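Sharing a structure here in structure tokens format.
By written order: A, B, C and D. Residues from 1 in each chain.
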Amino acid sequence: MGKKDASLFMPFTTTTLKKKKIAESSMKDSKTKIVFNQEVAPACFRMVLSGPFDNFIIKSGQFIMLRLGMGYDPLLRRPFAAHRFKTTEGTFLEIFYHVVGYGTHIMSQMLPGAELALLGPLGKGFEFSDTLSAALIVAGGMGIVPLRGLIYSLVESGIKNIQIFVGAKSASQLLFLTEFRRMDIPVHCATEDGSSGYNGLVTELFRRFLDNHAFKADNHTMCFACGPRPMLAKTASLSFNYQLPCQVSLESRMACGIGVCLGCAVKLKRQTHHDQDQKKYGRVCLEGPVFDAKEIEW
Amino acid sequence: MGKKDASLFMPFTTTTLKKKKIAESSMKDSKTKIVFNQEVAPACFRMVLSGPFDNFIIKSGQFIMLRLGMGYDPLLRRPFAAHRFKTTEGTFLEIFYHVVGYGTHIMSQMLPGAELALLGPLGKGFEFSDTLSAALIVAGGMGIVPLRGLIYSLVESGIKNIQIFVGAKSASQLLFLTEFRRMDIPVHCATEDGSSGYNGLVTELFRRFLDNHAFKADNHTMCFACGPRPMLAKTASLSFNYQLPCQVSLESRMACGIGVCLGCAVKLKRQTHHDQDQKKYGRVCLEGPVFDAKEIEW
Amino acid sequence: MVNTAVNIGGIPLKNPVIAASGTFGYGLEFSPLLDLNELGGIVVKGLSLNPYPGNPPPRIMETTGGMLNSIGLQNIGVDAFIKEKLPLLRNYDVAIFVNIFGHTIEEYVRIARRLSETEGIAGLEVNISCPNIKKGGMSFGKEPKQAGLLTKRIRKATSLPLMIKLTPQASDIADVAKRVEGEGADSISLVNTFLGMAIDVDTAAPLLSTITGGLSGPAIKPIALRMVWEVAQKVSIPVVGLGGIASYRDALEFMIAGAQAVQVGTANFINPTMCREIIHGIKEYLKAKHIDDIKQLIGSLNLSGHETTSD
Amino acid sequence: MVNTAVNIGGIPLKNPVIAASGTFGYGLEFSPLLDLNELGGIVVKGLSLNPYPGNPPPRIMETTGGMLNSIGLQNIGVDAFIKEKLPLLRNYDVAIFVNIFGHTIEEYVRIARRLSETEGIAGLEVNISCPNIKKGGMSFGKEPKQAGLLTKRIRKATSLPLMIKLTPQASDIADVAKRVEGEGADSISLVNTFLGMAIDVDTAAPLLSTITGGLSGPAIKPIALRMVWEVAQKVSIPVVGLGGIASYRDALEFMIAGAQAVQVGTANFINPTMCREIIHGIKEYLKAKHIDDIKQLIGSLNLSGHETTSD
């Protein structure tokens, strides 16, 4: 596919619009084939999968579980945010993954033609109502991946005021910038090495922005965040201070992805669940990965 | 490589001649890459590997251990007979493997470009002196693979009288026939379903041949056999009856391939080793895979 | 048609494949992926008298061919199960086993009583083998005496068929098996997880919040199979084998070794339709071998020419 | 330069990576692939007083992430080793451990005496844990009393440093460890293989001639690591950890858990230069972490915020 793939980066078309009309499809386990798997940024790969995706509606924030090969090492499937898109060649699913360990390393070695089992769509995605007037997107590292889909949905539902805050170690790891700028969305960049935009953490950039802008503490402005846990905690506390509702997408090790193993638990604030003991923990794969920041015991 | 590969089937060139001059190279662990991996007969695949093979001298009967992937499932390397050959594109190693279980199934799914660690050359190959006048080759199933290399060596050392006896379940599984016929070597075929040649076992075909030809019980005639154990046992007993020396290439499960795990042991006749207890078993990977049929406790 | 029906201590199963506790939720979660009616049985997540929070994260870690878990038996409690889950489970034609645990014998007894009053439960699987809770759990399963005592008390408390689930941490698992059989167990299931550990070398900290956790998955299969073979020779009540089963061939190994049925655990995570594929594979195998009743397979291990270690 | 030197019960090693018995032959077999001088130590294949034939084939079977073996301690005997192998091994600057086993205490004692008279042996590893021989072997390792008695007798027979190798089949491995320490062991190595089994479902026959065999390889690592952690807390003599180590990170896990050194076994089959890669990886790790002496790592497990299973 090599050449053609630039086109695959184009904004979603009807797909995402449909998403908000059609109810999200229920999960299934499908056979898929790798059609593209290349490094698009340092240690960051883009994988495109072909399969029976015509009726596969996945909401931004939802995820899939990929089985890496047919053996038992690695044993467990790995969770990834996924976008569906259509081209003249058909309907594809794309994921962007960072090589952080054993499984993702093995993925990075996989060749087009290889088959992977895919379970999904899974979990609870981002939510917003059409009355939303302003969306503040805060992303750290690969956190931008699930938020990218959300941004397209926001645009399509006519939300005018979208602000994107993206942070990364270095400029080379800032993804989708040209894509966002092409859509005339203001992008505020922060890099830890100062190689691009603000020299520091994205949360600091976000704080300064909030200081300089007055948002009414109502449901017409919403924060959406995804990234490393400390960055999310900081974003959450900032949104609390400014009394802005905030949705965060969490990560956790997963075994099943469908709520049965209880392995992906995260600590929840008790009161949010009338103190029932068994509700002390929430399942990232089922109650999440997108949570109301207020629910989480940071 | 697709097209070009017909050419890769051509008889060895200088390579095999060199083999008899140069001492066989000592084993090493090399990184190799798959350049070809396709089914050439039902459930039988041909895999061609590229790597640092210029000084890799492997004798017919010797073998290599292939690591299947970089994970631990499958854990152990798998042993295969291997042929080296040269083309204008370089020096390659080729193996022919039958899909019989987990590891070979995974191999059959591997794509060109994948890397495999290769340990070899290993074990003791077939031996013959230039005084040899007649060679009787008896092969069952994939057993023809290591014998094919031997046949080329025999031809190159000017041994005129070569008789090939090959057996398989069905005609479609008889390998290299055109190749052998191109070399004007008489090939006697047996198939269990009668779809080609003699309808029955190759050992029966071999027995009939021996009945009708008188060979002097000296070292000028030698049997070389490879195949399933029962077929080798029968071949061995026939060669004993006709007082013909016989070399058999055995198979066994292997872990290390270099003589340290003692996992590949086969029972040896005691007397052949002056009854020292620890010599009751021989290592297929080190004392073998090619043994004098007399050594084996059948 | 091949007959795959078996009977586990008074519980008839249409086939010998049971989903293992803690890996199949309360069963219903799998209904979008799998027709639950196809299964021989389902063992629901371990239940305690009261809702139970479980252990703090991280709770799982992958290992080679296996995984460690320290879920700590998080569950909704027996009452919520009876009210919210059981009514829905009754709609399926599948044997429901309720896996129970307590911190004291008294707790086990009270859960057993509570469940005896309800409809739609085929039997109880008594977890005396969970490595992930401080009090109770495994402590009961390690010594024959304790295990026997617990079994005796629960036996008195309920007329439901009792399957006692053993821990591989027992100093002599066959002794424990014999003892619980003597005290009235209707069947035995083994194994639960093996106590294991993993460390993050970058932080020098354990990768589970509880330091150690239970190892499951294909990695443990050879040990589990050996234990099932040993136990099956020692007891006359049905043995249900589990531990790393991830294919119909794995399942058949356990049955040939003497298991009357098998449970599938971790493999449900690798492949959510694993149970169905195993059932299908077993049927195809029986057909191919012209075996018309699976019972002919149970304990059919052929030892001719084999001896336990030469000298 | 980082210091990787350790001392195992009186035996100085240039680094803590030792090739495990039965997986490295008599050492020499690896010399074409690996410079033996790079290794911390080598434990040779288990030796008995007289040459020993071992078990009939099939002797090995692959399992998920591991392998079963029932070699049955085939070996050339202590005299042939001293005559044929030891002189060649002396040419290398690497600590040579001789792994010994017997069917009776008397046999152990006699081998120990025989080896004490020779030059070039750093120490003895006493195999009281082999699952693959009928008499002797593991039987000594399962109970503290037996293990202690054997250690005491061998201790009297030799002044060579004694490393006692424990079996995970012990009902309480830490008890066994404490006992052998009390009887004069200089160090302890664990684990030997786990008793496991595999069945060919097409023939219903065991896949090993001995029915059961010893499980090794990455599959057992989490259990082995947990046992090493438990034992290291109970004894004050050096503990050598092994079981599934197949990377420098695996090796570091064992050392952080309290092992003074590690042994690499089955991984030598997967990758014959594994030991070298592990040594290299450990050095790079220490450099990256600015740790100048590996001893700072030993037992450095950080338990803050962790507790063994909540209630």
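Assume a residue touches a chain if its C-beta (ideal position, glycine included) is under 8 Å from a C-beta of that chain, and two chains touch if they have at least 3 such contacts.
All values derive from a computational prediction rather than experimental measurement.
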Labels of chains that are neighbours to subunit B and to subunit D: A, C
Centroid distance [mean C-alpha coordinates] between subunit D and subunit C, Å: 33
Centroid spacing, where centroids are CA-atom means, of subunit A and subunit B in whole angstrom: 54
Averaged-CA centre spacing for the pair subunit D and subunit A, given as whole angstrom: 47
For subunit C, residues that touch 2 or more chains besides their own: 56, 63-66, 217-219, 246
Multi-partner residues of subunit A (at least 2 other chains): 72-74
Pairwise touch network: line, ring, star, complete, or other: complete
Residues on subunit A engaged by subunit B in the complex (per definition of touch): 69-74, 106, 109, 111, 113-114
Contacting residues of subunit C [partner subunit A, same complex]: 22-25, 29-30, 32-33, 45, 50-54, 56-67, 69, 71, 74-77, 80, 217-219, 246, 266, 268-273
Parts of subunit A lying in touch with subunit C, wherever the complex brings them together: 26-29, 67, 72-77, 117, 119, 252-256, 258-267, 276-278, 280-281
Sites on subunit D touched by subunit A in the complex: 64-65, 218
Interfacial residue positions of subunit B with respect to subunit C in the complex: 72-73
